[in-house]
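Take a look at the structures listed below.
Okay, so chain A shows up in both of these, paired with chain B first and chain C after.
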Partner chain A sequence: MVETLVQNIVFGLLLGALYGLAAVGLSLVFGVTKFLNVAHGELLMLGGYASFWLFNLYRVDPFLSLPLAALALVVVGVVLYLLLFSRTVKMDEEQKVQTTMLIGFGVSVILQNLAQRLWTADDRSITTAYSRMSWTLFDIRFPIVRVVSMVVALVLVIALHQFLQRSYFGKAIRATVEDWEEATIIGIDTHRVYLVAFIIGAALAGMAGTLVSVGYSIVPSMGLEWTLVCLVVMTLGGLGSIIGTFVGGLILGVAQALTAFAVGGAYRQVVGLLLFLLVLAVRPQGLFGVKEG
Partner chain B sequence: MSRRDIAFIISTLIAAAALAVVPTITTKESVINLLVLVYIYVMMASSWNIIGGIAGQVNLGHAAFFGLGSLVSRILWTKGWPLSISLILGALVPVAFALLIGAPSFKLRGVYFAIGTLAMAQILFITTRNLFPMISSLPTEALSTYSLAPRYYMALGMTLLTVLVVFWLSRSRWGLGMVAVREETSAAESLGVSALQHKLLALCLSALFAGLAGGVFAYYSAGYYLFFPFFPTWTFDAVMATYIGGTGTVIGPIIGAVFYVLVKEILALRFVELHPFIFGTLFILVVLFLPGGMIQIWSRLRRLLVRKSTLAPSAAKEEQVPETNMVHDRPAVE
Partner chain C sequence: MLNVENINVGYKDLQVLWGVSFQVNQGELVALIGPNGAGKTTTLKAIMGLRRPWSGAIYFEGCNLCKAPAHKMAELGIAMVPEGGRVFTGLTVLENLELGAFPPHARKHMAQTLEEMYQLFPRLAERKFQRAGTLSGGERQMLAIARALMSRPKLLMLDEPSFGLAPLLVDRIFAKIQEINQAGMTILLVEQNVRAALELAHRSYVIQNGRIVGTGTSEELLSFEFVRSAYLG
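Right after this comes the complex of A and B.
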């Protein structure tokens, strides 16, 4: 009994790391540009398929195809940004959020159906030679691919955090978040900052998709669920905190695992959504977020 | 009532009367089925338009109202309750749900309302899928006497009711208050228009007609999964149809819904599942470049035509103006 519980929590943490990684991307984009890209889940799906086909057609190891999935999503991100999202840059914040949400929603409809036509509606996952292996510690199973995925997610999140804190461009991004007008005055090209933030968000979604396709499975219609997960985690973690968002992902993963353990797997999605509504009602700025204004 | 309003009501009634004749002309079931689908979509788009268009609160949980309406109506009706009572309760339960979620959700600012309602609808969707995983089919004796005509008239009647109520609303004090809240909430509040009351009324009316649409669907369908009307697609279709037609107007959602269903069905005959690309693209284009939807094209065209037709005489007038002025000026000077 206790072992099952612990095992569930471990699985929850492992999945939660991917939630965190995916949500960090959405949170970065939203925090910097105020674009609410609800097609984020579809970008993740595309990344998953990129690695899936690289593995199935050319036998590229999924962990090696991570940068390729990121690259593919950078291209998609640039196209989406230049074609659609950049047109909303000049709007005031509320209108921008709403318009980009509607655009993202149109994009998700298109991408989902594109994926369905190109790759059928079947569930897919990458099965490597080491997919079924796992480490065992005190009778608790640690599937290797999921543990490695968690490490990758953690490394990416820390790298992003360092990039934002230390690098020159990261500082420009943070300055734009603080006050884009001031940033423009001191010579920061906010358009470029927006574009880069959007691309990083897309790339993170793509890499999260790769990790999902290794440890779990992907399907063209997965986008909405993942977008909701990202929104839930983003709200749990609060805006403006990369590490907080990642922790939010871990919390959601564990909460889902506990729900699945207590009332059955069918309701695992519900708990996140309930948490989300609860947080919105009590602390609109998120658990770890800083109150705006 | 202005002349244009009377013209709208009369043309709506004429259109409804013409549509009422259809079952006597054609015996093709496919035509009747298509029209019932059109009616359900018109109801869904028009009811979404009340909260999303007129009151300007993007509700991404519309499927919850539709689903609740169909669930309640279907269960009561198949258990032997009278159809009318089943339908009325099927419309009232979503309203109760709207009241329950309305006050807390309107505290959420802007986009959080959209995501919050989407989350709520997904909770209901998942829960009903777990609680009612079965197909609800009519009992055999009901199936043997199944006839399309009463379903058709019911759908047509409810659609007419929806359209007329939305029309009345858009011209009423309440509707104008909703527009005021949408356009400038703080200004509206400072004039004594309660934002919460108006939003709540909009959400309740929206839920009422979506619930009725659900009832129509429950009465019309021979068999379906009880959770099917809770699918988020019902929300997305209604939102896209409303935007493409023209959000915030009375006629826009109707045109959008008719266009949506017809194009979808025509495309379904020839190509497999091509319509999401078309509607997704159209939707994005409308959101970015044509916030008024297809209605806006029409009014722009009309303005262009009117301007052109008045351009010639007015240009002529401009030439005459100096003369007439001089004529008039002379006596004044003298």
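Right after this comes the complex of A and C.
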């Protein structure tokens, strides 16, 4: 009984790390640009398929194809930004959120249908030689691919955090988030900052997709569920805190696992929404976010 | 150096500036004085490209600023200290200063300019790892000025640097502004604090209701009713 419980928590943490990675991308984009890109889940799906086909057609190991999935999504990100999202940069915040939600919705419908046409509606996952291997510790199972995925997610999130805190361009991004007008005055091209944030977000979604396709499975219709997960985690962790968002992902993962353990798998999705409402009611700035104003 | 020629500027359908013209020459300290709501900040925003004039032109060293994107102004050599000593409060003092050197030519000399700023404002050196949000009003104003100077500008524009500061601090900030000007910097100083501004400026323009209503040296301007009442009152 205790073992099953611990095992569930472990699985929750492993999946939660991917929630965290995916949500960090969405949160960065929203924090910097105020674009609410509800097609974030579809970007993740594309990353998953990129690695899936690289593996099945060319036998590229999924962990090695991570940079390629990121690159593919950078290209998709640039196209989406220049073609669609950039049109909203001059709007005020509220209008921007609304318009980008509509744009994102349209993009998600198109990408989902396109993926279904091209790759069918089947569930897919990458099965490598080491896919079924796992470490066992005190009777708790740690599937290797999921553990490695968690480490990758953690490394990516820490790298992003360090980039924002330490690098010169990272500081320019933080300055732009705080006050775009002031940033413009000192010579920062805020449109470029927006573009960079957008493509980093897309690349993170792509890599999260790769990790999902290797530890779990992907399907063209997965986007909406992942976007919702990201929104919940983003709210949970609080805006402006990269590490906090990642921890929010872990919390959601564990909460889902515990719910499934206690009351059954059917309630997995509900707990996320409950947490979402609870946080909004009790601590709207999120668990690790700073209060605005 | 700076030529503002007959600009009309507004927000949506509300016109704020009406045919505003003035010049700032190399090495000068020029003040633009006027009451609250006269259009001083709007004038500076128009120069920085943050508000496009409906008509008229702005030239800086012969270059038409109306054709340049706002983020290029720093690179062209114009720095602005925003109203209220606005700085990036979530960033440290040092990070604020580093970002001030964003234009490529300034970034090359960052270490050297930083040293100069610490000499000009020793207080900032003591506080360099502190978040700018923890600074006092006077320190923030100093940081805002130092951040603007980090871009090694040719023209420094200050928007009401005295705002909200105690008289003693105002004197200290203005002494710094004078010192910076005497070191060769061209300065456009926007002020409501007419007394302090006129003491400093070589020449001044008076703006009221979005129009330039007077210009001259401090003595000449004292004949204006608005200036006299503000100066003597």
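Rule of thumb we're sticking to: the second predicted complex is superposed on the first by the 293 of 293 C-alpha atoms of A that agree within 3 Å, B and C clash if a C-alpha of one lies under 4 Å from a C-alpha of the other, contacts with A are read in each partner's own complex, and residues count from 1 in each chain.
Quick note on the criterion: contacts are C-beta pairs under 8 Å (C-beta built on N, C-alpha and C of every residue); 3 or more make two chains touch, one makes a residue touch a chain.
All values derive from a computational prediction rather than experimental measurement.
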Exercise. So, does A:151 touch the first partner chain B, the second partner chain C, both, or neither?
Worked result: neither
Seminar exercise, completed: Max touched-residue count on chain A (chain B vs chain C) belongs to chain B
For this session: With the two complexes superposed on chain A, say which partner A:278 touches: chain B (first), chain C (second), both, or neither.
Result: neither
For this session: Return first, second, both or neither, reflecting whether A:262 touches chain B, chain C, both chains, or no partner chain.
Result: neither
Problem set entry | Which of chain B and chain C A:64 touches, first, second, both or neither | neither
For this session: Determine, under the contact definition given at the top, whether A:79 touches first (chain B), second (chain C), both, or neither.
Result: neither
Problem set entry | First, second, both or neither for A:118, with chain B first and chain C second | neither
Exercise. Both chain B and chain C touch chain A; at which residues?
Worked result: none
For this session: Using the touch definition up top, name the residues of chain C that touch chain A in the complex.
Result: 48, 50, 69-75, 79-80, 82, 86-91, 95, 98-100, 102-103, 147-148, 151
For this session: Would you mind writing out the residues of chain A in touch with chain B in their complex?
Result: 36, 84, 87-88, 94, 97-99, 101-103, 105-107, 109-110, 112-114, 116-117, 224, 228, 231-232, 266-267, 269-270, 273-274, 276-277, 280-281, 284
Seminar exercise, completed: The residues of chain B that touch chain A in their complex are 58, 104, 107-112, 114-116, 118-120, 122-123, 126-127, 129-130, 232, 236, 239-240, 243, 272-273, 276-277, 279-281, 283-284, 287-288
Problem set entry | Interface residues, chain A side, partner chain C - complex | 168, 171-172, 174-175, 178-179, 181-182, 184-190
